[in-house]
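Since the structure comes first, as structure tokens, the remarks are kept for the end.
Labels run A, B, C, D and E following the written order; every chain starts at residue 1.
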Amino acid sequence: MTDHLPILLLLSPLFGALVCVLFGKGNSKNAWIVSMISLGISSILSVFLLLKVLSIKAGDIRYRMGGWDPSSGYEVGIELRIDILAALIVLAVTLVGFINTIYSKTRVPAEVGEKGPFFYALIQLLIVGLCGIIMTNDAFNLYVLIEITSLTSYALIAMGNRRAALSSFNYVIMGTIGASFYLLGVGYLYIKTGTLNIDDIHTYLENENLWTSQSIIVAFILIMLGVWTKMALFPLHGWLPNAYSYAPSMTGTFMAPLMTKVMVYVMIRVMLWLFGADFVYSEDSVWSELIVWMSVVAIVAGSFLALARNDIKKMLTYLIIAEVGYMVGGAWLNSLTGQAGAFYHILSDAAMTFCLFIAASIVIIRTGESRLNAFDGLFRKMPLTMIGFTIGGLSMIGLPPTCGFFSKWYLISGGIESGHWEFVVALLFSSLINAVIFFKIFERAYFGKIKGIKEEVSVADIDMIPAEGIKSVPASMLIPLFISALSVLILGIMNKNLFSWISNALKMING
Amino acid sequence: MDIIIASFLEDSIVPKFNYWIYVILMMIGLYAMITKNNLIKKLIGMAIFQTAIILLYVSVGVKADANIPIISHHGEKDHVEHAQNENLDSASEASSHHGSKKEHHVIDKNKFANPLPHVLMLTAIVVGVSTLGLALAISQKVHGSFGTLEEDEILDQLRPGGYD
Amino acid sequence: MADLESSLIPFFAWLVSLVAVPAIILLGRKPDAREGVTFFAAIVKFSLVLLMLPLIREGKILYFSFGEIIEGIPIEFRVDGLGILFAIVASSLWILTSLYALGYMRSLKEHDQTRFFACFALSLSATIGVAFAGNLLTLYIFYEILSLSTYPLVTHHGDKEARSGGRTYLSHLLGTSVAFVLPAMIYCYWKKGGDINFTDGSLLTTNIDSGAGLILLLAFTFGFAKNGLMPFHSWLPNAMVAPTPVSALLHAVAVVKVGVFCVIRVFTGVFGIDLLRDLNVAVVVSWIAAFTVITSSLIALTQDNLKRRLAFSTIGQLSYIILGVSLLTSLGVTGSILHVAMHAFGKITLFFCAGAIYVTMHKKYVSELVGIGRKMPITMTAFAIGSLSVIGLPFTGGLVSKWYLVMGTVDLGADGTVDSGKIALLVIFLVSSILNACYFLPIVYRAFFCRPEESLYEGGRQEAPLACLIPLCITALLSVISFFNPSLFIELAGLIIK
Amino acid sequence: MKFFGLLSVIIVGFLLLSATKDFPNWGDEDSPANSGPVSSFYIEKTEEKTKVPNMVTAVLADYRGYDTMFETVVIFIAGIGIIAVLRTYGSNESIPKNQVGDEGAGLLARMTCSLILPFIQLFALYVVAHGHHSPGGGFQGGVMLGASYILLALAYGLARAKSCFSEKRTLVFAALGIFIYVGWGVLCLVMGSEFLNYSALDSILPGGVEMARSHSMLAVEIGVALTVTAIMFSMFSNLSTKGRLDKGL
Amino acid sequence: MIWQFDIIILIFLVVTAVIALRVKDLLGASMVFGIYSFLICLLWAEMGAVDVAFTEAAVGAGVSTVIMIATVFSTTRRSKD
């Protein structure tokens, strides 16, 4: 049965979603249980998948849907392909999904009311989509799965208040442009190669030596533009901050750690598998230079925008934009350390964003205030939450032994190795800005005087989530926070193993 | 004269005309998505954008002098017979090698349009209508809470109360 | 080559104050038991450090490894002469400071004493971590932990001034370390090819040109901003808002000395004296240090707040140490290492005295100290001894270290070093010593020898509580003893130079 | 904004146009896409391997069945997404029985509808079932079936349509459709083959491996049709009532 | 495939697309969009993509237009551009 792990991993949440929908309205509790079970199974299966991939020396598992053997060397069906990198990210995705489901237990009835089962169904389908994206080896199937994740996230975001609906609409427009660009790129590749399998496209391009063909270059640009739009790289980031900060809190905690990271994975995938390192980093093209500079701009701009925000979640979302710059830059550095660092940063950023978003959501819910003064005096009142937030914050700044430090270490190593000093400077600069941002918060939380907590929510505050008082943070919110904080530390301590796995896997691709 | 014009068209314009129109449609759609003020108009732009992409794909699969990608060698009347025969034959044929197959099994691939882009575009159409439906639902929600579908009017409403 | 020996003692010496932290927090309700834990931990730590001393003097190097954390870089303790010297100074003074803090905090009835003692123990642990660090990464990690764990101490009062002081403190220390040390460290890692462990010689081999070498050296020197080198010095005066025991231990001993310790480590362990001589870049550092010495002394003259004056004096004294090591002569380096210890004894005495005056008289300005010598003779005598030591006058340890520093300067050009600006540096030493005298001796003089009508104080003697008085007497004594018997320190410093 | 929009559109347009000169001609039989092994395989081998003359159906439901499964899921997501976004559970959810038929179109339209509806539905079923041999299949048939209910709602009012196809029932049908599709794939798993490898089912389906594939395609097409029917109707009923499901257009 | 037919439909397509985006009445725009879908459906049929044409007829000219009109009815017909 272990041969079928990849597909079982996908089917468990898919069936879970169907069952949730059958509950109809109002049955949030049952839907929560189903969701816990299905995502729990999925997480366990992904652990086994990782173990299985690690035990294979050759590198990757391939799973042919429908059992169609290739015809004259080309895949006719759809193939799944799981290597260590994919298995790691799948594990991260399913775990985040599972842990976030714990968090959502009390929030779903409070924030989406009777539509809880639909919320859980959408969440599970989002997981299906993300895992599918990571594992598939078919360029068009990737598009379909990208659309699955997009559609679920449009709906999940629009479930929030009226601003969320507007942000979601903008996201629909931007997301569709991104996905359509990707689809156009795939179309161009298909015109020139006649196949859709990622490995086959690469082989064909190499055999026919089509690297200088204008269509291939345009296809590459289009796919990159599409993926960048979906991952909110700086000039294309407009949709992200509003969408994530106005969405229901459990949607925010869910999507912020995962969506952009998975798209970064797709970018690395397209760069290294589909087009190959020779094309991407070729000497004749300016892309490597150009995109590293773009990422530098993204990092600096994201940091500055985050610094200027007074709204907790907005600030965190701009930090995500800066972090996306880290990963894009790292992937384009043309050094193995940089690529591996970017990849390691996908994992660590997922962990720390998750941690920060949960902590911020708890604070916002409890104090009923979404601006930074929500943090006043919280170290005394909500010490556990603040410990979690502190760990996440320190990791964002990049202090040892949190995973943020090590990902920065590898990214900077990559920058130094490839001689991109501007990237190194941008990283350090963003660390400093992060330090300013987070220590500003810590100082408030440490010294600030607690203001009277709003007892009742006035009509004017209708956009706000009503405060629930500082005292009782239920275990269903604290446990996820601690797991995520712990994972920030564990990822940091385990970085040597992770890094060697990642760089071995990347070495195999780069040849 | 007519012949000259026709051959000019056929040689220079026709071979790429589909691709040109696809680019034009895509530009129209994209422009509408980016600049239109009305949410429904944006969505119409989105639909046009998506059909433009479908146009590209379908144009790829076209072959001159090709048929639709459905095999119909035999008339209606021997269809039944054939189906019966096939059941009988399948056991014996299963072991026999390729060459011994009946004549109608040899298929000239140039006689049929390429089915793969069609399949892909079926999926793309479905995705398109799903996105459209969801986006319309979201715009209805926006209209429900703001009372308008014009983006600038919505932003005007948000400015006094919203902080960003 | 010294022989390496795996040992658990460094680990325990580091661990003991760390274990004390939860114990202190748990015993927060019982002050006596809490302080008992602090003392116990301090004494155990000191004896563990002393236990290692004979082994080090035999020329062994003790190490303890937690395991690799990044390919080729373990988290590792490696105890050599320099490390043990610094550990001895820090852990011995911790005992005294604990005693002093006990008296100070209780007599002022400070709030949040549990947090105070817990952070104190944590920062000591980090200091020992830095002292024993076996490679740059370990050094860096403990350096950052030290910055973070002293932040609550600096901002202990929690008022606006403390918060802004704390902000300056953290922004300078974290900012410089992240912006300069981190890339420099990674650059070393990359240059070396996957390993940044300290060695007796040079970590970087000669595959580095002098341009890169200069940038790297400056990045390290400025990056460890705890050393107070201008222009990244302003955290130090600002951090004087902290309670005096904190200023005493952390800003005279642990924190600032960690800064210079790191610089000495970089000079001796990362670059190696020989490589620096070849590259001929240290001269830039020495001129920056010389500039800092003079400027900070001049600023100190203008300060009326006693603790701020001491702070600027500290900046100047720290730059002596950096100047000494950047001379690259063996005498200069020895002088630097000696000055780490000597200045610690002298400056902690001064801080203790300032705190004692504040506890008893609630005075913190220099202008208010006229005639105080009759009121608090013991305290002011100790103050006088501390001043002498910092100025570098006879019968105090300060003279010994300064002697080595001056001799190191004279040595310039003797054994392969460049002698550019030898005379200028000597003049700077002279001028700065005079300046030191200018800002300290008038305090002492006017405290004791003012005319009776000028005196602001009346009545009989009124000394600080015993718990404050005893430590400052002991540190004053140590300053004197170290003049007569500096051999231990010289021997340990010699282990580094060879 | 307009200017930047125009600028970016023109840049993208020129980028795309610049690549078209590199394309094979329209209708070129020898272009890589048309003559490549993948496309040739589909054209030449489909009937032999699956006994399905309509290659599009075969590729859709078998070779790229995994894609189609997710395509169905996309539709499903759109359906429940619209409910999640728009649906409001007001008090006036159920309209009294006697008001059924109050809304809707005039008499002539109703008569026409009641005349053509059975044929539409019959044809839709034919399209689903005959997708192997002629254009059509689960998706098209499903849309037509859904459209017939939309027509019913337009002519006789939403309440009438809801009496055939209540919200609960739409959700059950939608989920059931996907369940059939995925379940069919899981059945292949249980039989010891890869997911959606219909050839594994030849032991329980008549007619050998090829016919097993052909029959399986019918099964999954029925699943698709169920989901699409339900979701299309649900989409319309939610969008036309702003999620209240009370009174149609 | 008949290329004359192809070209005519393509030109009509561009025209209807522009009209659909320029009509100020949203109901009218939705109707024109329906025509656009119908034209493009013809185009698919002409290019031999019968399945795509069938789907486009059912979805683009059918359901898409209907749900768009449903939205316009339940919101507003007014549009500034």
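The rule we apply is simple: contacts are C-beta pairs under 8 Å (C-beta built on N, C-alpha and C of every residue); 3 or more make two chains touch, one makes a residue touch a chain.
Just so we're clear, the structure is a prediction, and the values are computed from it rather than from any experiment.
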If each hop has to land on a touching chain, what is the smallest number of hops from subunit A to subunit E? 2
Compute the centre of every chain as the mean of its C-alpha atoms, then state which one is farthest from the centre of subunit D. C
Name the chain with the Cα centroid closest to the overall protein Cα centroid. A
Compared with subunit B, which chain's mean CA position is the farthest off? C
Inter-centroid spacing, subunit D versus subunit A (mean Cα positions, whole Å): 30
Approximately how many whole Å separate the CA-defined centres of subunit D and subunit E? 19
How far is the middle of subunit C from the middle of subunit E, if each middle is the mean of its Cα atoms, in Å? 79
Multi-chain contact sites of subunit E, meaning residues that touch two or more partners: 1, 3, 50-51, 55, 59, 63, 67, 71, 74
Multi-partner residues in subunit A (2 or more other chains touched) are 140, 144, 147, 151, 154-155, 158, 165, 168, 184, 190-191, 196
Touching two or more other chains, which residues of subunit D qualify? 16, 21, 23, 27, 31, 33-35, 38-39, 42, 54, 56, 64, 67, 71, 74, 77-78, 81-82, 85, 135, 139, 235, 239, 242
What chain-chain pairs meet the touch criterion? A-B, A-C, A-D, B-D, B-E, D-E
Under the stated contact criterion, what part of subunit D meets subunit B in this complex? 1-2, 4-6, 8-10, 12-13, 16-17, 20-21, 23, 25-29, 31, 33-35, 38-40, 42-44, 46-48, 51, 53-56, 59-60, 64, 67-68, 71, 74-75, 77-78, 81-82, 85-86, 133-135, 139, 207-208, 210, 235, 238-239, 242-243
List of subunit B residues in touch with subunit D within their complex: 14-20, 23-24, 26-27, 30-31, 34-35, 59-64, 66, 68-72, 86-87, 90-91, 94, 101, 105, 107, 109-110, 112, 114-119, 122-123, 126-127, 129-131, 133-134, 136-138, 140-141, 144
Which bits of subunit E are touching subunit B when the two form their complex? 1, 3, 6-7, 10-11, 13-14, 17-18, 20-21, 26, 29-30, 33, 36-37, 40, 43-44, 47-52, 55-56, 59-60, 63-64, 67-68, 71-72, 74-76, 79-81
Over in the complex, which subunit A residues touch subunit D? Could you list them? 4, 7-8, 11, 14-15, 18-19, 21-22, 24-25, 63-68, 71-78, 112, 114-115, 118-119, 121-122, 125, 128, 132, 138, 140-141, 144-145, 147-148, 151-152, 154-156, 158-159, 165, 168, 184, 188, 190-196, 204, 213-215, 217-219, 221-222
Complex interface listing, subunit B residues touching subunit A: 26, 30, 33, 39, 42, 46, 49-50, 53, 56-57, 60, 116-117, 120, 123-124, 127, 130-131, 134-135, 137-139, 141-142, 145-146, 154, 158, 161-164
